[in-house]
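Here come two complexes built around subunit A, the first alongside subunit B, the second alongside subunit C.
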Partner chain A sequence: MKRRGRGMACMWYPIGFTVSANPSAAVVKVNEDGTATLLTGTVETGQGSLTVLAQITAQELGIATDDVHVVSADTDATPMDTGPIASRTTYVTGNAARLAAEKAKEILFEVAAPMLGVKPNQLEARDHKILVKGYPQRNVHIGDVANHARVVMGQPPIGSASFNPATVALDPETGQGKPFGTYVYATQIAEVDVDDETGEVEVIRVVASHDCGTAINPMLVEAQIEGGIAMGIGFALQEEILFDNAGRQINPNLTNYIVPTALDMPEIEVDIVDSHDPTGPFGAKGVGEPTLVPTAAAILNAIHNAVGVRITSLPATAEKVLAAINAKRGQQPKRIAAG
Partner chain B sequence: MEKKTTVAEKGAPLETVPEAGSMLRLPASAPLATRPIGVLVPEAGHQTPAVGQRAPRLDGRLHGLGQTKYIDDFYLPGMLYAKIKRAGIASARIISIDTKEAEAMPGVVAVVTGRDVPCNSFGPSLKDQPVLADTRVFHAGDGVAAVAAVTEQIATEALDKITVEYEPLTPVLDPLESLKLETPGLHAPNPNIYGHKVIKKGDVEKAFAESDHIFEGSYRTQMVEHVPLEPHATVATWDPNGRVTIYATLGRITLGRADVARTLGIPTSRVRIVATTVGGNFGGKNEITTEPVVALLSKKTGRPVKCTFTRAEEFASSTTRHPLIMDYKTGVTKDGRILARKIRLVLDGGAYCSWSETTLSKACILSAGPYNIENLYAEAFVVYTNKTMTGAMRGFGAPQVCFAYESHMDEIAAALNIDPLEIRLLNVFEEGSLSPTGQTLHSVVVKESLLRAARRFGWIEAQS
Partner chain C sequence: MVTVTIKVNGETRTASVAPETTLLRLLRENFSLTGTKLGCDVGDCGACTVIVDGKPVNSCLMLAGQVDGRDVLTIEGLATIDRLHPIQKAFEDHASLQCGFCGPGIILSAKALIDENPAPTTQEIRDALGGNLCRCTGYTKMIEAIRVAARTLRDEVADQPA
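Let's turn to the complex of A and B:
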């Protein structure tokens, strides 16, 4: 019979490298049509990070996401980047992109100030315009300013910057120090059905409440969380590289190494916790890796809640769960219901 | 000067700002009614402010139309295909490698071995991994030779014609056996324990003595693969000036360029690395794998060369997730407050270091969980075994230790008859809490995430 259980797990996870320098550099050019080009040495590995970097750049310049063209991942053409690792792209590369955009914007402000008869610090960039703070009707289109900057002032609006999280090395004896710039937090609660005759576990529902600082793009945050949970389910229940006695893998294929598919996916409810990190770009931290961190723990706690067995080694395959259920039954004499 | 017409200007009245030079005719903001209807609710990607928008991905259209070009879609004129011979034995000395028969095969253009690699070692922290194994095999997925041929099939067939003579050695597969000091070092003279980390805070033994209850638990996790949809792939081509361009599924191109230059023995400025859209990384594509091999084959043949991993190579010859053996001991008060925790982690580092140092540090720092624990002793070791190398994988040890500390937390809660949510709320970090390394934490919302998830799930009433 299927028995339902629920389990929770919370976690913390750092953004960026442990102590070591992990800088990102970025270049932002504002074009005469009011669009911008971002040069970054990071690589799009499927998570949508280039879109997030475009949004950060666009926000700083007061333009829209689609107005930013991102050139990435070419060591000849793009500035150095530590890369899409350690959940650092939004936070570290994002900070670099924002700072580079800010520098380009400073040039735009210097150029626009005499055009609008004010000082640069009286200007802001918003809705594709450079406008006078408090007097939004006094404005110039950002493209006109960029063009004026190039052809009249001889000052192309290009900014470059880099960012590296502030850390303090750990004491080798005690491990005390400040290894990371910031951390994110999350809780996932899983609901599972465990078949106590077969040991099979089905994840029914996962509620995932994640902190990522400001969600630069909530849709991409949700996608990361859904993907992380898929990976977490595989880690919890299915996936394992097996070796023979001679140390050779025996299941190096997707027939015998089973990854979750769409049919294994539970109902996922994503909840983004209100949070703002003053050290991140527009308050953002990151979301890539932490999405998977609590999933297995929550599922395993739910299995215990459902059938009262604690599996202490992953993955909790049906065989393992059934063996634990049978072992527990063996300890308690079977009761045969009267009547 | 000509001025571009923008949407906002259409039919908008103009105002004049007299004090600022020639471009004085500026548009006032347009009344809403004059804007085309389509612009009233622009797509998220066209909206400002940009942050917070559910903007579609910049590459979404290409993906949707199946137009994204991955490495395996690349073809350069005259391109050859490379395949790598894998050792298939977990631990051995290489006596000899005979490639003559393979080289003589029609369609085979070049064969290389580890001896052709100018600097045959790499690694993000310890340079303990050969590009192609030349004297010693440390795991079954090690490459021992590579072939470039006019078709992928000929290259694959040529692998069988390469004869490697091994002196088999007894593999060390159990990380706990490797941890023992009497076990001979696999990478002699280096000891098998190639990384060690301690986090120490307060007085654990004293706090255990003051605790109402002591709980112990032991947890283990397995080795898993990243399983990206796109396997590792590389195309290399040289120009007449002696500069190599490598198209690769690499996440870290800056590091990759330095590693390729070092292994090839050429200046960094002569290496260009271009990463296309990578079809999934999850940490498995952070360092070079076969890029130097493909570059060498291209140099030797004077033709572009491509190498795409098979799924089996993806499993056996790229990095995997560290299996962990985790022992926890926790002292608590009778109402569930954690007073002390002692942790020992043993990481199975596999054949090579790769990103083990980072994984070791992160696992150790995070192992106590997001909890205020004044007395902590966490110790972590990473050891060599003759298994597939473990390296960077989404979470760097965190999913493993989270499984341990959260299983342990539920065991404590059950024994003390406290609700799992309550015991967590009692112990979790708050704004300004000190981390196990003594760092003052900011923007801490773990309590909020617990309560929000619990309400959403129905663990507790929504209004509370």
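Let's turn to the complex of A and C:
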């Protein structure tokens, strides 16, 4: 019969490694029509990192995300980037984009200050305008400031910056130091049905609560978490590279290297924890890889909760789970049936 | 060589191909319709899904010769210059795709489902996507988008004058 169980797993994950140099750089140019151009070396792989970088740049300049034209991943035109790896893009490249936009904004403020008769530090950028803090009716359109900067002041509003997470070397005596820029945290709870006659495990529901700093784009954060959970389910229950005695992979295709399909997916509930990291761009940290870290552990704990067996090697295939259930039954004293 | 004439995205096209040519290669190499993706080439991944006479098929498993005289819809046949197809729009609105490689196949599987069953349940959507692999998204946002698109398409039908 099917037995229901629940399991939980927690994790932390480092964002912004500092073991070696880990820089990102960015160039932001504010154009005369009030749009901006961001040059970044990072590569969009579908996770939406360019959208997030455009949002960060737009937020710093007080313009709309659609007004940021992102030029990416072209070493002829963009700074080299450490890459969309290690869940670092929002944190490291995002910081570089924000700092570059801030530098361009400083030029805009210097140029706008005499236009508005105030000091640069009395200005802010929002709603496509450079305006006097507390007196929003005193403003100039950001495009007019950009034009004035170039044509009249001879100082085009272009900012460039790089960000490299600060390193504190590990003390060989105490092991203390700062190996990463920041950390993210998550808890996932899995609910499973285990068939104690076949060993088959079905994941019914996963609830995932993630601290990724301030979510720049909550919909994309959700998408990352859901994708990570799918990979975690494959890791927990299905995926295994098998080799023969000569070291040749015997399942080098999708016919027998089984990845989750839509039919394997549970109901997923995502909770993005309210959080703010002062070292991240607008409080953001990262979300990519961490999403997959606790899933398999939560599922294996749920299997234990359902049928009382500990599976200690992945994947927890039906054969493995059934063998563990049978082994446990074998250890128990046989009961003599009544009657 | 065999001569194949098919109606693809409403347009009649003819090509002369080697008999072992698959529909997938006919579309990509002879007709330059590269929106249909070559993934595993053995019918596991569903990236090459197209609609033949209303049914979703893995175009890597169908010979071009088998399609002679039939009606084929590929991803290029969905959007017009003015607007995305409601399924594509829903996928965009819900961030349903990430790397996007599975997208053309998934969207055509969804279209074949909705054409046949305008109000699919979540389980029916899962079943319809069962032959399409996606490594990025966990399918959740696709299922959500397909439900929304089905509703949009039902409303469009309801709004049409009798």
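What to note about this one:
One rule holds for everything that comes next: the second predicted complex is superposed on the first by the 325 of 339 C-alpha atoms of A that agree within 3 Å, B and C clash if a C-alpha of one lies under 4 Å from a C-alpha of the other, contacts with A are read in each partner's own complex, and residues count from 1 in each chain.
What we mean here is this: contacts are C-beta pairs under 8 Å (C-beta built on N, C-alpha and C of every residue); 3 or more make two chains touch, one makes a residue touch a chain.
For clarity, every value in this text was computed on a predicted model and none was experimentally measured.
Using the contact criterion defined above for the overlaid structures, shared-chain residue A:Pro114 touches subunit B, although it does not reach subunit C. When the two complexes are overlaid on their common chain A, residue A:Ile268 makes contact with subunit C while staying clear of subunit B. In the superposed pair of complexes, A:Gly46 makes contact with subunit B and with subunit C alike.
A simple residue count on subunit A separates subunit B from subunit C, and the partner touching more is B.
By the touch criterion defined above, A:Ala230 reaches subunit C but does not reach subunit B. Shared contact residues on subunit A (touching subunit B in one structure, subunit C in the other): 45-46, 48, 219-220, 228, 231, 253-254, 259. Those residues of subunit C lying in contact with subunit A across their complex are 40, 42, 44-45, 94-95, 97-100, 125-127, 129-143.
Considering their complex, residues 45-48, 219-220, 222-223, 226-231, 253-255, 259-263, 265, 268 of subunit A touch subunit C.
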